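Questions regarding the structure given below will be posed in turn.
We just call them A, B, C and D in the order they show up, numbering each chain from 1.
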Amino acid sequence: VFSDGSVWPSVRVEEAWRDGLDAIAITDHIEYKPHKADVSTNHVRSYELAESAAEALGILLVKSAEITRGEPPGHWNALFLTELDSLGTNDYRVAVKSAAEQGAFIFWNHPGWKQPFNQPVWYAEQAEVYERGWLHGAEVVNGDEYNALVHKWCLEKNLTMLGNSDAHQPIALDYDSPLGEHRPVTLVFAREKSVAAIKEALLARRTAVYTQNLLVGKEEFLQPLFQGSIEVRTPRLTIKNKDRVWLQVFNRAPLNFELERRQNLREVTIPAKVTLHAGKTSLISVTGRGAGVTGERELVLPFQVTNLKVAPTQGLSVGLKAQITFKK
Amino acid sequence: VFSDGSVWPSVRVEEAWRDGLDAIAITDHIEYKPHKADVSTNHVRSYELAESAAEALGILLVKSAEITRGEPPGHWNALFLTELDSLGTNDYRVAVKSAAEQGAFIFWNHPGWKQPFNQPVWYAEQAEVYERGWLHGAEVVNGDEYNALVHKWCLEKNLTMLGNSDAHQPIALDYDSPLGEHRPVTLVFAREKSVAAIKEALLARRTAVYTQNLLVGKEEFLQPLFQGSIEVRTPRLTIKNKDRVWLQVFNRAPLNFELERRQNLREVTIPAKVTLHAGKTSLISVTGRGAGVTGERELVLPFQVTNLKVAPTQGLSVGLKAQITFKK
Amino acid sequence: VFSDGSVWPSVRVEEAWRDGLDAIAITDHIEYKPHKADVSTNHVRSYELAESAAEALGILLVKSAEITRGEPPGHWNALFLTELDSLGTNDYRVAVKSAAEQGAFIFWNHPGWKQPFNQPVWYAEQAEVYERGWLHGAEVVNGDEYNALVHKWCLEKNLTMLGNSDAHQPIALDYDSPLGEHRPVTLVFAREKSVAAIKEALLARRTAVYTQNLLVGKEEFLQPLFQGSIEVRTPRLTIKNKDRVWLQVFNRAPLNFELERRQNLREVTIPAKVTLHAGKTSLISVTGRGAGVTGERELVLPFQVTNLKVAPTQGLSVGLKAQITFKK
Amino acid sequence: VFSDGSVWPSVRVEEAWRDGLDAIAITDHIEYKPHKADVSTNHVRSYELAESAAEALGILLVKSAEITRGEPPGHWNALFLTELDSLGTNDYRVAVKSAAEQGAFIFWNHPGWKQPFNQPVWYAEQAEVYERGWLHGAEVVNGDEYNALVHKWCLEKNLTMLGNSDAHQPIALDYDSPLGEHRPVTLVFAREKSVAAIKEALLARRTAVYTQNLLVGKEEFLQPLFQGSIEVRTPRLTIKNKDRVWLQVFNRAPLNFELERRQNLREVTIPAKVTLHAGKTSLISVTGRGAGVTGERELVLPFQVTNLKVAPTQGLSVGLKAQITFKK
């Protein structure tokens, strides 16, 4: 409520705890205070009023603000600030510079916002901030929207990928959990659970973004996430001639993995598409091709996980290992 | 947020719309403003700030306040106020009187609150306000608690029964809809959808209370609710000797009805307990007793609906009609 | 189990009752009895063994069989047979003719089955049976597959559209209801609940097909289904200049309706896409264009329901009426 | 279908796989073959017809039968048989003896069945079979019924506790998974996944029974199950004077744990009742009593888990460890 939100700051902490998050940032606009007739405009009050709830529930709270200007240059979030008042200037360069000098992690919010067809533009202002080394990341996902062009830029320009709720209302009004919806989150691959470690990981670009049934990130982060989520429960199979057997694959992750076959194999036929259901064991048929193969082979079944995006149009390449004994 | 809540007033309207309500009252404490360091203490701001959302979504908004004193006399809600400032006095009698003179509907909130074992006490203060004709109702249900003694008093003293959320946080943090929980509501049997009609019905005691899997109210209101919710889909049955046949009963209500047999019948055996599942058709077995009955009879199967309470320990008595042809 | 299924015939009746069906046909293969080493091959036993359960639960049971030959001519189902033994001949023409002479309703099962890319072929055999007047319908939906070409043929050749489970296992193993799946069903627009009335409606082509989140049928059947399912809860709106107001539309059907705008209106802007959620009230924004319109107008908001298919690539055209008063 | 069931034997294997089971026994009645007019009465056909599905899905299949006589002596299941035909005798002693001589694990099915008020009776027949060493276990749970007296007998007479579905129909018709129901299962604490290891564990009485929201078993099995299911996520707490802090406890099990306080503590107040929700982290309030305690203490919060029954009226005693620093 201290900016254009509609909940008391401590609510954000309890919602975060309910959703299983480790850390949140409340990024009230510095310049936009539509409730000012009724509510204090003190920039740091949100942080102060959320602190005791955060401590009680073990949620890390990051002191943050949103620097809000027209488009260009658009809106920026600055995380890990030490003080917020110096951001309240007329010149956005001064505000961003102040944040940068505080060692903040600065990223571009919802770059496609108010742009035709939601396509972001890399204006001179972005270029300038980026070249000064002040721009560290961008929202690949804002609310329920994934932006392919921002994803591409993050890869090309080495920006940290972020996925944020941009929640103004209670989370439950924006994301309908009985329908299976959830808020987007940034997975931060930090070395420990501390504000400092999260900052280090964000500056080092070690993130992935999780939204609805989609994970977005670099191969180096998504590959271990996938491999750590699945378990082949029947690693040894025996196939007689053209028989069909089943590879059982358990998926411990909370999202389905949508697999597509990357190529055909000489020894066996595998399905063109398979879904590994969240929290369940799924079956992948493996059918002998009767091509005179005999003896034991280790096959790596080649799939692409289409909803684990390593680039805007590229799913994660994975292999599922199976030790198969072929018999006549 | 204008009292001890944690959401902006317009949130309450959207939550109400999502939950399918027709009307709400935001009853900020007059005397208790824990956010006053940051938020205006203007009593009527909640109402004003919720008005446009209410109009846009078609939710009726009732101008209201909570008169909050120690125990006794406890807390009172006054609905349908015309102005709120006169309630801000030191003497609770003056505040209640002012509300009464405005024609408000006044009820006792959470009577068991802070009393040993949650058992309310009818203090001299309650007696006085009641005898002056200022007390019209009481909360039989507050949050997730049903209070049997308040229920009894409402019947004995002719008070309107109310069930209220007493929500301070976002509704979704208090009631976990994925687990099947819902906020309590007061069903008001008004003649039309208007603030005036709701007031008339409340003053005339025409309500029932719906909480979790429980409906509380007088027989005259619960009987038509039950009868209007169920439909016997196989009203004609044929029983040969001791055969068992099935009465199919559809329950269009959103809550299960828990039925217990009230008495045995001479002609047929019916089950001791049956659940009529919400939104589904359930089966009630009807088994011939082979007692030499023949020909067509209209039987009224005698049950009590234990989760439709017409008194603290009494469920609604109902009869399910079946036209049964008995054959040898 | 009397053919290649895996449940006792009475199970089909109870499953049908659980799913809320009115009528079923058990269409065991005449020619294919893989369990014959253990189970009787009497064609009519399935019907006989399901009869008492059907009577007890009020499910209509249609005496039926599947005439199973290679492709061409493929598989045919014959419903409303009086006896089944005469179908057990080597010549499929004799079998189909016998069914036709019994007055059966005959349709082509899963026409795409075993054809390249699942595309059915209208072989000479189909042409012959069709021209003799023996072919009355075809499966637009078999199991979880909708076949666009069959849909087109049904429209061109005036065939009854059918959607069938083709269940062999317990229904719950084929359709995972906790995941929201349901078996396909044929909606038969019969004049009463009787076997005769269903037969009359099937022969008269009065059906639609319901599968997952899709309804397939002629405009004359889908239009009243849609209009009877929705209710505009705020039929009167007032728009000042360029304000945005909300049309509230309740959808009582068990499937979402996916709406797309068919054209733009001069007076107001309506969304390009809207989902009317099953069992819920959804909001459709209506925004004034400030084009100098004043006074009261009846507008018909033009949408297409993309998941109500009147042709393979054409959704049902619908209009939502709103009485709008425009103000400056 | 080979006895009084209504599915083909292979269905049981697929259902078991869907439910995540490791092993099943199909225990067709030896003496009761109501489908014999249509279906083979070969005792071993169920086993034979389920074998290939079991191998394909990795389900262990136990060769078994039910010895079915009047009451007394009631019905017995014999598992791990080598042949079934010798059980088809008129004298139940001969049948049980034959099973015993085959090394079978023999248990008493649904002991309360057809007894007044479902209370089992330990007839002379039971005593005899038990004293001969032929009776190894009994069904504490059959279908959806837990039997307290059988539970007591298992403890007193050192019988293996079993919980079995006794399914005749498709599992999904008996247990409504969308409503959260599941079939009862016997948890067998075997040393490996093999038929021999399961047999060894059953004979050694190493089981627990899981039904709906209830686990039944000896303390030695339930204690590690509970301790392995929960994780205290905030093992270190700091309490100032009478402050309230929160112990966060994650429950990885698929059932809620219902905790009741066993005794009061001198240092802190803990709640009388807490539910640890399945798959979620729950909060347990810990409130300082301001009794002058200072410094660091390891407290073991004493609860009883009422739905983990170690005896008919006794829940499992557990302690939740917390390292608490008390400050003034």
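The working rule: a contact is a pair of C-beta atoms (placed from the backbone, for glycine too) under 8 Å apart; a residue touches a chain by one contact, two chains touch by 3 or more.
Here the structure is a predicted model, which is why all the values come from computation and not from measurement.
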| item | value |
| --- | --- |
| Intersection of contact partners for chain A and chain D | none |
| Required minimum of steps from chain B to chain D, each step between chains that touch | 2 |
| Centroid distance [mean C-alpha coordinates] between chain D and chain C, Å | 43 |
| Mean-CA-position distance for chain C and chain B (Å) | 41 |
| Chain D: positions in contact with at least two other chains | none |
| Pairwise chain contacts under the document criterion | A-B, A-D, B-C, C-D |
| Sites on chain B touched by chain C in the complex | 20, 56-58, 233-234, 245-246, 248, 281 |
| Touching residues (chain side chain B, partner chain A) in the complex | 1-2, 5-8, 10-11, 14-15, 18, 35, 37-40, 42, 45, 49, 169-173, 177-178 |
